[in-house]
Amino acid sequence: MINRELRNISLMEDIKKLKLITAVKTPYLPDGRFDLEAYDKLVHYQIEHGVEGVIVGGTTGEGQLMGWDEHIMLISHTVNYFGEMIKVIGNTGSNSTGEAMHATEQGFAVGMHAALHINPYYGKTSHDGLLLHFQSVLSMGPAVIYNVPARTGQDIPPSVIEKLKDLPNFCGVKECVGNDRIKSYTEHGIVVWSGNDDQCHDARWDFGARGVISVVSNLIPGLMHDLMIKGKNKKLNEKLLPLIEWLFAEPNPIGLNTALAQLGVVRPVFRLPYAPLNLRKRQEFVGLVEDIGREHFVGTNDVQVLSDEDFLVLQRY
Amino acid sequence: MINRELRNISLMEDIKKLKLITAVKTPYLPDGRFDLEAYDKLVHYQIEHGVEGVIVGGTTGEGQLMGWDEHIMLISHTVNYFGEMIKVIGNTGSNSTGEAMHATEQGFAVGMHAALHINPYYGKTSHDGLLLHFQSVLSMGPAVIYNVPARTGQDIPPSVIEKLKDLPNFCGVKECVGNDRIKSYTEHGIVVWSGNDDQCHDARWDFGARGVISVVSNLIPGLMHDLMIKGKNKKLNEKLLPLIEWLFAEPNPIGLNTALAQLGVVRPVFRLPYAPLNLRKRQEFVGLVEDIGREHFVGTNDVQVLSDEDFLVLQRY
Amino acid sequence: MINRELRNISLMEDIKKLKLITAVKTPYLPDGRFDLEAYDKLVHYQIEHGVEGVIVGGTTGEGQLMGWDEHIMLISHTVNYFGEMIKVIGNTGSNSTGEAMHATEQGFAVGMHAALHINPYYGKTSHDGLLLHFQSVLSMGPAVIYNVPARTGQDIPPSVIEKLKDLPNFCGVKECVGNDRIKSYTEHGIVVWSGNDDQCHDARWDFGARGVISVVSNLIPGLMHDLMIKGKNKKLNEKLLPLIEWLFAEPNPIGLNTALAQLGVVRPVFRLPYAPLNLRKRQEFVGLVEDIGREHFVGTNDVQVLSDEDFLVLQRY
Amino acid sequence: MINRELRNISLMEDIKKLKLITAVKTPYLPDGRFDLEAYDKLVHYQIEHGVEGVIVGGTTGEGQLMGWDEHIMLISHTVNYFGEMIKVIGNTGSNSTGEAMHATEQGFAVGMHAALHINPYYGKTSHDGLLLHFQSVLSMGPAVIYNVPARTGQDIPPSVIEKLKDLPNFCGVKECVGNDRIKSYTEHGIVVWSGNDDQCHDARWDFGARGVISVVSNLIPGLMHDLMIKGKNKKLNEKLLPLIEWLFAEPNPIGLNTALAQLGVVRPVFRLPYAPLNLRKRQEFVGLVEDIGREHFVGTNDVQVLSDEDFLVLQRY
């Protein structure tokens, strides 16, 4: 029962050191509930291959399709079963400050190590509103701020980050705007993770980023570990780019969901509005796996091309 | 107990005729609950001044800051007390198909006349996903599709609308992309409402729009009735543009909330992430009211400049 | 927009006059959602045969198996479609004062005419606690207090009712303890409804009860109308007693659910923990219908004996 | 990642061995949220003084006044911070099978060691229904069945327990009916915990009970450890009876809440329908503490008599 403030400071230092964080996929059972058995195997594989942290219920993990009760349950489950082996960052952000407060409070109560906080997407707000929103949620525990204007419809400008960076629980920024923005932040002592797999190698080795919060690491955590931790490796980066490009042909996590199903590590079950990639894309994936090497990918089954009939796409969940 | 399908067809015809629809503001009590007394007065004033429909819990009404239970309660309340005088369109859309299905089902069960359906903002999806999402929710009852890429991060392209327009419950589109897009739709027989107050006069009289789903009509429903129903009126339109510009200086509904508080028709209570406009802007508003004439605005109190201390900004609600 | 206090007083007078109120059954679809089409027919039949009020989501209607959102939705639906023909009393009571406050507030917001309030079952409390609980919920609108110690584990004693009876929104008591208790209340000017179908005739004609809140009236509203409104009728009462006895052989609404399924007016779908009556009992029911006359029962299909396989018993809903 | 079935068998054996389990109090902040700091101290004190398990969100812990999300959060929190030191039994039972399934699934997902399952109180059901209910929830993980007819309105008869006892996850029964019932169960090899503090000494040493699920152990865990584990001790038992009698003068946890507030270990905050014991009773408590010895009670502050004004009694939470 150590002092909470001390605990937070210690957690912040741990969070700031992370170089490879996976925005982990949430697998489903045929009735739409979480497939925790498949999830546990995914997380376990991440840990075995050098991933240092996970984002639970991020956009990749489809937090936007979860009720808060199942979202907090998944954070809690992850802390309980893996919290001593990997840092657990719960995506308890929301475009509603009230919801974000409630979820973040619950997330810390169940032991998550840090929160990921998005700016209020869709509803948007003024810069005054942004500051009040982030001040409210940062009061609760260590937090990473997440900027992805292509999703939120609103950039968090450097002027706002500048005001947040000295708040007690501010760990850093997951930034998707690009490496120039990253560079300007890191030059001012702000910890930044790239939110773009295709730019993360350069971000890390040339622009000062601490690391990456990655989607592709769901598939190839070991190679991403090499890329982000073992040192600059342009050749490896180039080798991975076609896979990354494939992965983001449609809004994430459509590609990832399709890939993991074809690798046989999750059931081919989608919660709408996500639907599988088309057959041509599904066929391409097999070639990409062969180029990189099946042994670098999660799971042990042969990669296969699933047919339209293999997929279950759920309206209600 | 008439046949549901017949009822829907009849509702669709009624919805398609609406020219002036207000995305109505949701007022709050100091503890963050809905102020239904103030709400009822607002809706009543709308009806008295020629508004034909309301969007309940839209982005203007801060549906994104409501729990679904209070959101459905507000739709139901509006149907019960005003449903015979005005068309009630519930914003039961969501970026989660499961949530949208659940909310839309409940909305129709409590008697709403139509649903407003947004594409999956923030999470986004593929065109296949868009179609499956809209097909799912359109199966439940009359619906208006809402396109606002500046909020959602993703345009609903004409190719998708083209596929939706012949589905049974499709009423039309609330379009914010601009009047050229509107023109191309209306030329193909699609009913369109402008989602931009500053463009709605031209949209209606020059580009074929059926009408507007308006924010500014919360303040001046009578003038908006003149503008949209009485005939082309460039002079009036120009007179209103400064107010409209002021209203959208910050993301909506920040301006509207501030204005209604200064007009004395709602308590100066904000749910974060929304915060009041700054003092300079609040002072400007008084001038705008004077230019247009206090008598055209909702409420009977003198317009006043509120001080920072007058506002209550809530983190939890 | 009449004054709320005046509205409540007017509603109270209307509620106090009701002689025949049905605690209406909630029918289900095979996936466990409400079957609103069957529900509407049930309520419609009630109205046609002289029932004056319905309890929505009572113990008979399985409010205890509903989420609050669907519970409020059902109240709202009933108000919207039938509120001008029948009084709608929502069972917004709870053993949690917080939940009861929330649900009752929502119930009145969607237009219910009165609330039914149980004492805190299972958790129980002191007499001080009972008073504070009822004072809290009575502050919101017209209410009937419900006493059924065989379910709650705790009698609401006359000493507590004595203190409640002069509170603004107190309409009366649904009392299941027996006709002597009813007599003592009615002699003191308290409006009482019998909660026991087998005692309601005597309660009404010999012990001063205003009427009944009935289960059996789901099946035979017309005969219950005769029994409670047309005058003392011992012969009819005796004729109905075997049916009533059959109905309560197992905890209500097990018998009612089974009966309505065999009459072909609801699907044979149960939400656990309720399960159908056994085959022997199901066979008995056919004889009871024949004795009383099929024409007096709800629905138009022949009554049939369903087999075990005909029933769907749901764990999750 | 060991096999779930094996894990359950191992947990069952651990659960069956527990002799002293506390139904732990949930403390509140002035706004009604959980006071986790006070809770952690309470649980810590329990562990230090020999308690082997806790029931989280039982009737004593006021699970009936919790939303399921905060209920699961509290179970999860307890597992995370204390799960290696004490067995965590979540009260995920409900009178709704659907709710019990959902909550129990979540409880096991967040790592609770066993569930406590009540029969469907208030709604009640047939014996067939009881069996189907318990079979449904027992399928999910180790469970203790809880029988307390004075709260539920319905006894779980030995004939039902007889059918449950060979199901895979059946650990035993928390029985409140009395020591004769306990004796008959233990003679048939069923593990039983007494649910009555005043009978638990005899239950344990004369009637075969494995131990107790206790309320008074919140206050005096060390003495209860002596009573239940160190051997038969009639003298100690008699010494504690006046305190136990005081504790249950009003429905539990009214006495416990009052006592803990006066001992200075929880804030004097009540969620309605619970209200503090009256002043006379509060004064009596000080004498009881002196008789037994302040040093045996939880906390370090002097015991005091709180005045009516010291208590905060909340309607909404």
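Annotations
When the chains are written out, they are named A, B, C and D in that same order, and each has its own residue count from 1.
Simple rule for what comes next: a contact is a pair of C-beta atoms (placed from the backbone, for glycine too) under 8 Å apart; a residue touches a chain by one contact, two chains touch by 3 or more.
Just so you know, these numbers come straight off a predicted model, no measurement behind them.
When each chain is reduced to the average of its Cα atoms, D sits farthest from chain B. Because chain C and chain D share one sequence, their contact can be compared position by position; here over half of the interface residue numbers appear on both sides. With centres taken as mean Cα positions, chain D sits 34 Å from chain C.
If you average the CA atoms of chain A and of chain D, the two centres end up 39 Å from each other.
Work out the mean CA point of chain B and of chain D, and you get 51 Å between them. Not a single residue in chain A touches at least two other chains.
Here chain D touches chain A in the complex through residues 1, 33-34, 36, 40-41, 44, 68-70, 72-74, 76-77, 79-81, 83, 105-106, 109-111, going by the rule given at the top.
Looking at the complex, you find that chain B touches chain A at residues 32, 59, 62, 64-65, 95-98, 101-102, 120-126, 128-130, 132-133, 136, 149-154, 250-251, 254, 271-275, 277-278, 313-317.
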